[in-house]
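Remarks on the structure that follows.
Note that the chains are named A, B and C in the order they appear, and that numbering of residues resets to 1 at the start of each chain.
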Amino acid sequence: MSTFLQACVNGLLMGGFYSLMGMGQNVIFGAMKIVNFCHGEMLMVGMYLTWLLHQNFGLDPYACVPIVAVIMFFLGAVIQFTLITPALETKSFTNLLFLTVGLGLLLSNGALVLFGSEYRTISTSYSMTYINMGPVTMALPRLISFGVLLVVSVALFVFLKYSTVGKQIRAVSQNPVGAEVVGINTKRIYVLTYGLGVALAGVAGALLTGFYTIFPTAGASFGFRALIVVVVGGLGSIPGAFFAGIFLGLLETMVALFVSPSYSDLIVFVTFIVILVVRQLIVIRRK
Amino acid sequence: MADTPIIEVKHITKRFKGLTAVKDVSFSIREGGITGMIGPNGAGKSTTFNMICGYYPPTEGQIFFRGKDITNKKAYEYTKMKIARTFQIMKPLKNLSVLENVAASTYFGHDPARNERDAKERALELLEFTGLYDKRHVLAKDMGTPDQKRLEMARALGTKPELLFLDENMAGLNPAETEEAIRLIRRINESGVTIFLIEHIMQAVVSLCEEVIVLHHGEKIAEGTPSVVMNDPNVMEVYLGKKEGSHA
Amino acid sequence: MDEKKKAVRAYHRNVGIVIGLILLVFLIIPVFVKSPYILNIFVLVFYISTLSMAWNLLGGMTGQNSLGHAAYMGLGAYASCLLITNTGANPWVAAIFGMIVVGLVAGVIFYPCFILRGPYFTLVSIAFGEALRQFIINSSFFGRASGIGLPFGKDSWLDFRFGSKVPYYYVGLVMVILIYLLMKKIERSRMGYALRTIREDEDAAAAMGINPTRYKIMAVVVSAMVAALVGFYYACYIRYIDPELMIQAKSTESVLPAVVGGAAYVEGPLVGGLLMIPLSEFLRAKYSAMLPGINMLLYAIVLLIVIRFRPSGILGWYMHSRVKTFIDTKILRKPSVEILEEVEFSVSHGRKEA
C-alpha cells in the first residue's frame, strides 16, 4: 500500500511538469494551429539558463525562475517575429513543421557545442532534504517545484480568462479573422503567445533543475509528452492540459509499479496512438 | 432506357444533430438534359447535392442511378460510374500546373489514361475545349476565380463522365464571365453529358435549364420548366419575400 | 516539323550525355579515391539519400509528414539480421524478408493511423516509431538494448561482406539509382498523380475517383520497404545494429536532405544529400573532438535558412533561376516548351478547330 501511495505521489509530482509543458504547447497550438516541435528543447534551454545563472551569480534555482521566464519570453518573441510569422504566411504546414523541428535541432546541437554532452546538476543546501508524510517520502526540491508550478498554472488560467491580453489570445485562438476584424493585431498576439508558451517551457526547465540532470537532449521526452497532454486534454483547454499531465504522470508510475519500469515508455506511446486513433474515429462518426 | 431517369432521388432526409437540413425530398434528373436546383441561402441545396455526390449518406431515403441503388456509394466510387462533380469552394491542386491538374483526373474514372503521355494528351484536349490551353503551365494557385472555376470543370471532365454535377459554378463571376460559363456548360451538354447544377444566379438557371427544382427550408416547393417555376405562387413568395427582406 | 524533331532529339541526346557523364564520374571514383574516409562519406550519401527518397514518397509527394522513418529502417535491419543469425539464411534473401516484414508492419499495423491528418499524422508517426523502438528494447528476441551483430568472416558477395569499402560503394550506388528510377516511375504513373492529388486536397482526390486511404497505404508500404532495404544495407555495412538506430533524431536526419534539396521533387533528396552529407561529415571529422554537434548545428542553420528564404528547397530555387536558363539554353540546347509539346503530343493548340 505504501509503495502504491508513493507511486501516486511520484506520478503527481512528475505529472505537474507534463501539465506545465502541455499548457505552453496548448497556448501556441491554440493561437496558431501549429505544433511546436521544439518545445522540449525550450525546456532544455531553460535548464541551461538556470544552470548558468547558478554557476555565475550563485543564484538559487528558484530565484532564477522569473529571470528565466523573462529571457525565454523574449527568445520566443524574437523567434516568432523573425521565423514563424513569415512562415505562417506561406500557409504550408510542412514548412512550419520543419521550421520548429529545425529550431529544435539548432537548440539541442547548439547546447551540445556550447556545453558539451556532460550531465550537469545543480546542488543546493536542500537538494538532499526529504520530507516524510505518513508512508510517503518526498524530496524537498520536487515538492517546492510542484508548488511553484501549481501557482504558475493557476496564474496562467486566470491570465487567459480575465486579462485583456488573455482574452485577445483566446479570441485569436477561436477565430483569427474575426479577431482581426474587431481590431486585434493578430501578429502581435502571435508574438506574445509564442513568447508565453516558450516562457512556460523555460519555467518548467528551471523548476526541474533542482533534482534533474541537465544535458542537451534532456527536453526531448518532455517535449513529446507535452504533445500527448495537448491531444488528450483537448485543444485550447488549460484545465484539460493540467489534468491530462497529471494523468500521464500517474500512468507512467503505475505502469512502472505494476508492470515494469522499462515498459512505461512503450505503454505511454501505445496508449497515445490508441487515444489519437479512437478520438479521430469518434470525430468521424459524429459527422 | 430513355424512360428511366439518370438519377432518381426518393424521399431523402438529412439530419445533423437534431437539425433537419433536408426533409423528404424526391425528384429525378432526365438523361441528356440540364436540370437545375435553386433556392435561397440555407435551403438545403448543398446538403442535397453532397448526398447525391456521396460526400455523406442521407439519413433516410434512397438515390438511384439508372435504376441502380447508389445511396451508400463512397465519393471515390462515383467516377467509375461515369459521374463527376465540381466544388462550390474550388479545390484546385494548388501546387500543380493546370495541365497536371487535368492530367491527374484523366488517370481515373471508368476509362482511365494508360500512361502519362496519354493522360497529358487527353488533358490538353480538355484544356483546348474549356479555353485554358494558354494557361496550361500556370500553377493552379496563381489563377483567378473564373479560371479556377473552368479548371474545376475541366478536371471533372477528365474522368469522362456521362453525368456532371456543378456546384454553384457561376457564383462570384461577373455578367460577362457568367455568359461565357453558360456557353461552356451548354457545349459540355451538347457533347452528350447530362448536367445537374445548383445555382444562385436566376438568369443562368433560366437560360440553361429545361427542368428546375426549387428548395426552401429543406423541402421541395416546386419543380417544372423555368417558366412554370417562375410563376409558381410559392416560389414568388419565397423570392419576393427574400427581396423585401434584403431591402429592409 | 523535321527541324523541330531534330532539335528535340538533339536535346534528349544532350541530356543523355550529361547523365552519362555524371554516372561515369561516380563509377570511376573508387578507382582514383582510395581513402576509406572519403569512400565512407559516399556510402553515407548513398544510403541516407535513399532513405530520404523513401521518406519523400510519403512526405514530399503524398504530403504525409512522417517523423518515424528511422523505425522502418531499423526494423528492416533487425528483421534481416535476425533471419541471418537465427537461420543462417543468405543475406540477399534476408533483405527481401526484411522488406516484406516491414511492408506488412507498415501496411497492416500502421494502417489505422491513416485516419489522422496533418499534425496528428506526424505525431502518430513519431509515437509509432518510438513504440517500435521501445518494443525492441524490451524484447530479448531482438537482443534488447545491446543490439545484435552480424558474423564477420572472409570477403564474399554471397554473404555481402567485405573488408574494403569499394563493394559497398558500388552496391550503394546501384541502390540509389534503382530507387531513384522507381520513384521517377511512380511519379509519372497513376499512383504518383493520385499521391500528389491527395497532398493538395483529399476531397478533390475523392471526387476524381481516388480512394485516399488506399493510395496512402500504397505509399507508406513502398516507402517503408525502401527504408527496410536501407536498413539491411546499413546492417551489412556496419555489421552491428542496436535500438539507437531508430531514435527520433535519426528520423529527422533522414528527412533533412529532402527538405533542403526540395521535397516537391524526386531529385530533392539526392541534391540535398549530395550537398549536405559531405559537408556535415567533414565538419564532424574536423571539429567534433572539440565541438561535438557542430555538424548538426550547421545542418540546422542551413535548414532554417532554406525554410525561411527558399521554402521549396534548393531545387525549387534552381527551377526558377538563371542558372537553369543558362544550362538549358547554352549547354543542353533545350527547345521551347511549345516545340517539345508539339513533338511529344499529338494534340496541339488550334488543331481541334482546324
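In this text, a contact is a pair of C-beta atoms (placed from the backbone, for glycine too) under 8 Å apart; a residue touches a chain by one contact, two chains touch by 3 or more.
Computed from a prediction, not measured in an experiment: that's the story for all the values here.
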Of all other chains, the one whose Cα centre sits farthest from chain B: A
Chain with minimal offset from the mean of all protein Cα atoms: C
Distance between the centres, which are taken as Cα means, of chain C and chain B, whole angstrom: 41
Chain A-chain C separation of Cα centroids, rounded to whole Å: 34
Chain centre separation (chain A, chain B; CA means) in Å: 49
Complex contact set, residues of chain A against chain C: 34-35, 83, 86-87, 90, 92-95, 97-99, 101-103, 105-106, 108-113, 116-117, 216-217, 220, 224, 227, 231, 260, 262-263, 265-266, 269-270, 272-273, 276-277, 280-281, 284
Sites on chain B touched by chain C in the complex: 53, 55, 74-80, 84-85, 87, 91-96, 100, 103-105, 107-109, 112-113, 115-117, 119-121, 124-125, 128-129, 133-134, 137, 155-156, 158-159
Contacting residues of chain C [partner chain B, same complex]: 188-190, 193-194, 196-197, 199-201, 203-212, 264, 337, 341, 344-349, 351-352
List of chain C residues in touch with chain A within their complex: 59, 63, 65, 67, 112-113, 115-116, 118-120, 122-124, 126-128, 130-131, 134-135, 137-138, 248-249, 252, 255, 259, 263, 291-294, 296-297, 299-301, 303-304, 307-308, 311
